[in-house]
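Pasting the structures in now, so scroll down.
Common to both upcoming complexes is subunit A, partnered first by subunit B, then by subunit C.
Let's turn to the complex of A and B:
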């Protein structure tokens, strides 16, 4: 600021180029326009049933933007560089949002459906890309002095460009944009589109005016980095604001409302959380039939203490049951997915040929889509024609041949309530073992060899070496593997959904499944949001505990 | 465990006095364990591919078989009939067709061999056409049950009095190449003559009749768009975080770090509502635009850029390149592995994503479905055709697997590195 003031003094009266004056006018227009919009939005009674909070929040945010925009103007007049940066960033964010909104309002985004519908009618055009790419690749391999290199590269790029244009022309995407049925106006030149495009362009132009006037504002290189950094971050950040920050705030708000997607959301305080978490305990004589307690509490579980049963009842018994299932699932998954991974990683760490091949093979299952994998396992688990029961029968036959009287268990993998969870765990473990192995192996390869050699010289046997040296050194890696497995386990949904379909038995459901049912089947969305936040807190606590444990075990190493 | 660490001492050194067996013994053990584990890892995929090449009847065979078989037919008297393997009396095996003509046979045995409870399980001494044996009209009581006594012509020309255990129709089978060779058997108990045949037409059927071609196109478009978008925004964002200093940088960085902690389920309901509000429900764009932001990818790029020496950049600045120019001309060419790793991770994520598509376009007309959704539809529609369902699964699973085989290095190294950081 001091430097800009000095520059002003030296120059006396600041001279403003016309473009800068116009840009300042634009800032005023934007400021007033945004403020007007803010008052309009603020007054909306019911914003798509989302309650008054959303329009008020949006109104305040827009109002602040409008005020900020107006505030920049006097500072721009005095050639204050910090406020020029603010104005510049504001305009480029306007450009970013404008481009997204143009894509939306012009039908460019919705037209993707048409593109997908028609693209394979002229699928041969897609060949242009590999052909063009091969040409560019060839040109990259050619001698630098050869003048043909340039030509080949240009031809390659041209082929790709022509292919792209041809695909866009033939796919109906451009026609869709031109007709713009999404806007309901049937024309490319409709007011909303034109206005959006115009405003977006002006944002860009004004932004670049501010960009070019660095010298006038006495900008230093460091100060230039300030706005350049934001510009680089912008595509990322606009999406973050729209599709991460906004839903996050909305989710938190909705968890305090009775939102159900149909009628207006009303603020109900902590009622969703109370409904979700409230527990009640009651002592009844052992063997009494399940009782529904007062205040709509339903039995979840019971313990026998002496002659009495302690009944645990909850207002949302489904949540507690699914939470218990989720924990059970996570514990099983940790056992089945990490212990074998450790063993495999130790084996792979041997310096013998062919390790890379095995590592790649183990990794394969984690690449496949859970849905597809579930289809495969569904038939592997089939009690009659599935291979798993076939192998078990074969094994039983071998045992019987050895003189042991073993009966064929004939496990009903997908229908027996006691086995179902295990079936999912086996499938999920099969999918993630390779991933865990690769990460543990990378950690093992980072263990200094001299340490191991030194311990061997000291006479430590393999187990002690593993327990006292390798395991502590692998602390951070193990932490990563355990936490990623736990986090994915706590959010398990697709596995159950695809193996079992929509069902109501809590014994096989996870919390996310419960959330899905309450949010998207019963449309109790406020309640489902509260469930999501509780799940988040549970995951967070588990991670923190895990972190503490892993840190204390690292301290032990020193 | 002892076996594992031994080979870590290089065996080429002169001081290594171990014998061939000492080196290779443990290794063979390791290979055995690793090999059998790879079989377990690969088996479901092999099963998927072979089942997808089966016929509908072949799938439901118990005990299950891995390879796809198809019955071989032969022409006999102008008809195409399935071939059976018949073991003749002399022990030779002849391939025969079932003529469809039945003849009633009697199954005879001695009183001590008869199974009273279930006569069909009795040990049979001889079976002859019922007409050739003569009913003696008498019965014999075995264990409380009465059995008819027949005088049965034996092979050596003599006759013998035996009990009739049960009657049954046997089909007349004929060797189509040599019609005078005839046998009477129960075709259901005979092994059919089969050969391995891959039914590639399953793929055609799934792609064209079951709408998976549209899903494949949709998934491909969505995956490429998301991957491209994420790589571009991550490159820009990673560069800003690693090479620039600006106000608010640390705060944004911390916020981004925090987003990794937030599970997606927290966002799912409001994000769904936002999509409904702006009319993106049931549209492919809902699978693309909200997914362009990635904190994770931005970090990946930042970490990689941090390892690029500053000198390179300074030289480029002196050459008069702009910031964007430096990123495009200096950083991007150097970050091939990082870009490859991120592209692959994003590719897999977008290709395999299921929960979000289920919620946002699950109710839409099937044309806008992605592969994972179409698979569910296919499974429900073709519940009794595992060969068709697994063909669909193969269509969804094989493209990433092929990509993996091509770009295996980036996959594994990239993922191993992210775990370490």
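Let's turn to the complex of A and C:
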């Protein structure tokens, strides 16, 4: 088939299937349509109050897509396989976006709450999945010659399929979409929804045409496997573009504007960054207040040098204070979340009965939701009715019973500014220790046993084996654990938010909390975006330094 | 086969597009409305109200949305939705947030709709609330503006654990009030007597919120802002006096440390008196296993003090159906609907009159409802939005009033230092 087409092309008489011709027409239509849409989008002045940059940027992107669509046509005519793949990807992108947009205009996404609620109410139906999985698992372990193998497997798949259908039917989702005034049949049977569905179907059909005509374009098996692989990545790529790349670009743009969510965003250049990073210094006699600070600058800290104090002031003192708190939090978290994890990993590496149970138990907190964990810890930390102070009081009573005059510290875990950061660290470390332990345990199990045995034969005791062999060989694993723990510490927010609620105390605020307050309490979105980007740079620099330090270490080179 | 199929689908799809032009338009107006319910019981009541009102309003379909709780950032979610263009047509906001939402241009001025409605009578609501809702920030007058209608009313009271009072052998606040002895001195003595019951028992507790500490400030004769709320007034000797008194509660360890959760230990029976609004009632009715009641707050040097708290239904400035939204507002603030909401126990109707209050009292005969209604009728000042400044920035921002009050009450800052410097912070917010 492919040979025939190429021979005909060589004679100057290319013969294209009608479906391919129609697909090429479609590429022209979406090219022209997208270019038209691009000109319209480009001229929008009020695009969600985001200023003119966003519609202009989107207009340019759409314009490029339109041009690309038109460019594919002559290459498709010459049966160029590379451009067939471009057209194929464009149409499948169109299909993906079309499905998402159809869900939006038809109100289907609004019904997801209903879906979740009803799944919860009919949770027993979920049992169909483990039951089906067990059947498939059993079939996988049956002899290939056993005639029941296929039947068991099909029954397993059928059970899972029936469970899925039952969940969807009892979920009330379809009913919600049909009846809800915000979505509803009126929303489905209207022009935008039907047009979107029609265009989405066409994208799918045209994509299918390009997909099925590989041989005509002289596609090799390797090429087919390559684009099929990319096709599987497409949903994730769409997700990446919509929910990661676009917000990232948008926040970078907003960091140069005065966007406040309600009024139109105006370009103000680097003013947000200047506000955030602006510092001033003044030397004053010790203990006296500064008198000559730059306008709108407030004292952040001071250092005593001889008879004078060097006062550090900032236009955004909260940023610097919370940055300091964040660093303190990270240092404490690294200590509390890695050292115990190391010890636990060593213990769990031992061959003792029930070790798998203990591994699972220690890992459990890592998969618990932060909000739920914080609520439990709120109760534990309660100074009056909490268990922690209750235990401390009990211990103090025991000591006093022994004749020691010890007073009950009655620690105010959630209100004493000297303690509250430690309270969060304990909770966060408790949650992350299990994860770190599993990673370190994997590293420990990768340490070659012959090295341990050889060193034992050479007379090395446990400490030397640990110091000279295990620890260096765990370098890359430790590095990974340190980096991930540090980054999670630098980005800490939900722990503080859920444990303390909306707070104004710097002692419990991290940089992310500070940017949340700026963005979603004071709606200074531009400033909050600038804060996020500065934090990104800080984390990036710290990570690069860690990489360089680790690379210079002996273990990492090995 | 595949080619024919592809061609058929293409043709059918292209033909489907123009055919939908014949789909008839919907005549029914859909309105979305939202409140900030605290629990499922409230959601159920509002859902039922929505269904009732939906049945009464012709040509209007209602969609009720249960907004998040206060701690979920209800107001901030609304602002975010305004940015996205998805905010509801009608929504409830706390009274103190009115200025913020109006100044952002998110609230529709209902003055013309009200003027054109012969059936509308604003005098059925608390006048203090209507004064706030009719304030015109452009000229400072009470003309030409109506930002919403009040949904409810509430006040503060002391919830007290009668069992702890019995154990301590002291009269409860209601008895002391009847004897004319309920003031700051007896309040401190009472708190101390209850605290002596055990190391983990406190006489008093209040959360870290302006409504609590400002109540003491007002009772001392001070105030947060000046009379026309255009400048700070926290630099007075009366404020210092109030702070010194409140601090003594914490220094003498008769009060739950400021900033700690108070409701949980009160429910657990470890706190004698808990200062809170009417909204605390449903949780206590559901959870407290001891004998409890409510009483008026003690009088300070300047007499008794309280707040008339309220929230209002307002209309989205961008609603496509302002007339229908106005209809909905009136339905939601009708006597019938307000009595349904008040039956939850979290507030009182914003409509005035003995009949209304008697209805609520009949719902909760076991409670001293007069502790709230006396205050609302006689000496409570209305919760007021701050039109001339940014209350959020003044009160809640880093280094703002709330964090400074916390510093004073936890012993980190002297009341005199607070009074000497706080107005520099506050006035920067105007």
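The rule is short, and it goes like this: the second predicted complex is superposed on the first by the 449 of 558 C-alpha atoms of A that agree within 3 Å, B and C clash if a C-alpha of one lies under 4 Å from a C-alpha of the other, contacts with A are read in each partner's own complex, and residues count from 1 in each chain.
Criterion: a contact is a pair of C-beta atoms (placed from the backbone, for glycine too) under 8 Å apart; a residue touches a chain by one contact, two chains touch by 3 or more.
From a predicted model like this one, the values you see are computed outputs, not experimental measurements.
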Inset, instruction - Please indicate which partner A:194 is in contact with in the superposed arrangement: first for subunit B, second for subunit C, both, or neither. - result: second
Inset, instruction - Look at A:512 in the shared chain and tell me whether it touches subunit B only, subunit C only, both, or neither; answer first, second, both or neither. - result: first
Inset, instruction - Using the touch definition from the top, say if A:83 reaches subunit B (first), subunit C (second), both or neither. - result: neither
Inset, instruction - Using the superposition on chain A described above, determine whether A:254 touches subunit B (first), subunit C (second), both, or neither. - result: first
Legend entry - Touching partner for A:364 - first (subunit B), second (subunit C), both, neither: first
Legend entry - Contacts of A:520 with subunit B and subunit C, given as first, second, both or neither: both
Inset, instruction - Scan A:320 for contacts with subunit B and subunit C and give back first, second, both or neither. - result: neither
Inset, instruction - Have a look at where A:347 lands relative to subunit B and subunit C in the superposition and call it first, second, both or neither. - result: first
Inset, instruction - Could you let me know whether more residues of subunit A are touched by subunit B or by subunit C? - result: B
Inset, instruction - For A:379, select first, second, both or neither according to whether it touches subunit B, subunit C, the two together, or no partner. - result: both
Inset, instruction - Show which residues of subunit A both subunit B and subunit C reach, each in its own complex. - result: 48, 182, 261, 378-379, 384-385, 393, 520
Legend entry - Complex interface listing, subunit A residues touching subunit B: 48, 50, 100, 103-104, 109-110, 112-113, 115-117, 119-120, 182, 222, 225-230, 232-237, 239-240, 242-244, 246-248, 250-251, 254, 261, 344, 346-352, 354, 358-365, 367-373, 375-380, 384-387, 390, 393, 430, 433-435, 438-439, 441-443, 446, 449, 452, 456, 461-463, 465-466, 476-477, 480-481, 487, 490-491, 493-494, 497-498, 512, 515-516, 519-520, 525, 528-529, 532-533, 535-536, 539-540, 543
Inset, instruction - Can you check the complex and tell me which residues of subunit B touch subunit A? - result: 1-2, 4-5, 7-8, 10, 27, 30-31, 33-35, 37-38, 40-45, 47-48, 51, 59-64, 66, 213-214, 217-218, 221, 225, 232-234, 236-237, 239-241, 244-249, 252, 256, 259, 261-274, 277-280, 283-285, 288-293, 295, 298, 323, 327, 348, 351-352, 354-355, 358-359, 367-368, 371-372, 375-376, 379, 386, 389-390, 392-394, 396-397, 400-401, 404, 408, 411-412, 415-417, 419-420
Inset, instruction - Using the touch definition up top, name the residues of subunit C that touch subunit A in the complex. - result: 2-3, 6-7, 9-10, 13-14, 16-17, 20-21, 23, 26, 28, 30, 32, 61, 63, 71, 73, 76, 79-80, 82-85, 104-106, 199-200, 202, 256-261, 264-265, 268, 270-271, 392-393, 396-400, 402-403, 406, 410, 412
Legend entry - Of all residues in subunit A, those that touch subunit C in their complex: 17-19, 22, 26, 48-49, 180-182, 186, 189-191, 194-195, 197-199, 201-202, 205-206, 208-209, 212, 261-263, 298, 317-318, 321, 378-379, 382-385, 393, 408, 410, 412, 414-417, 501-502, 504-506, 509, 514, 517, 520-523
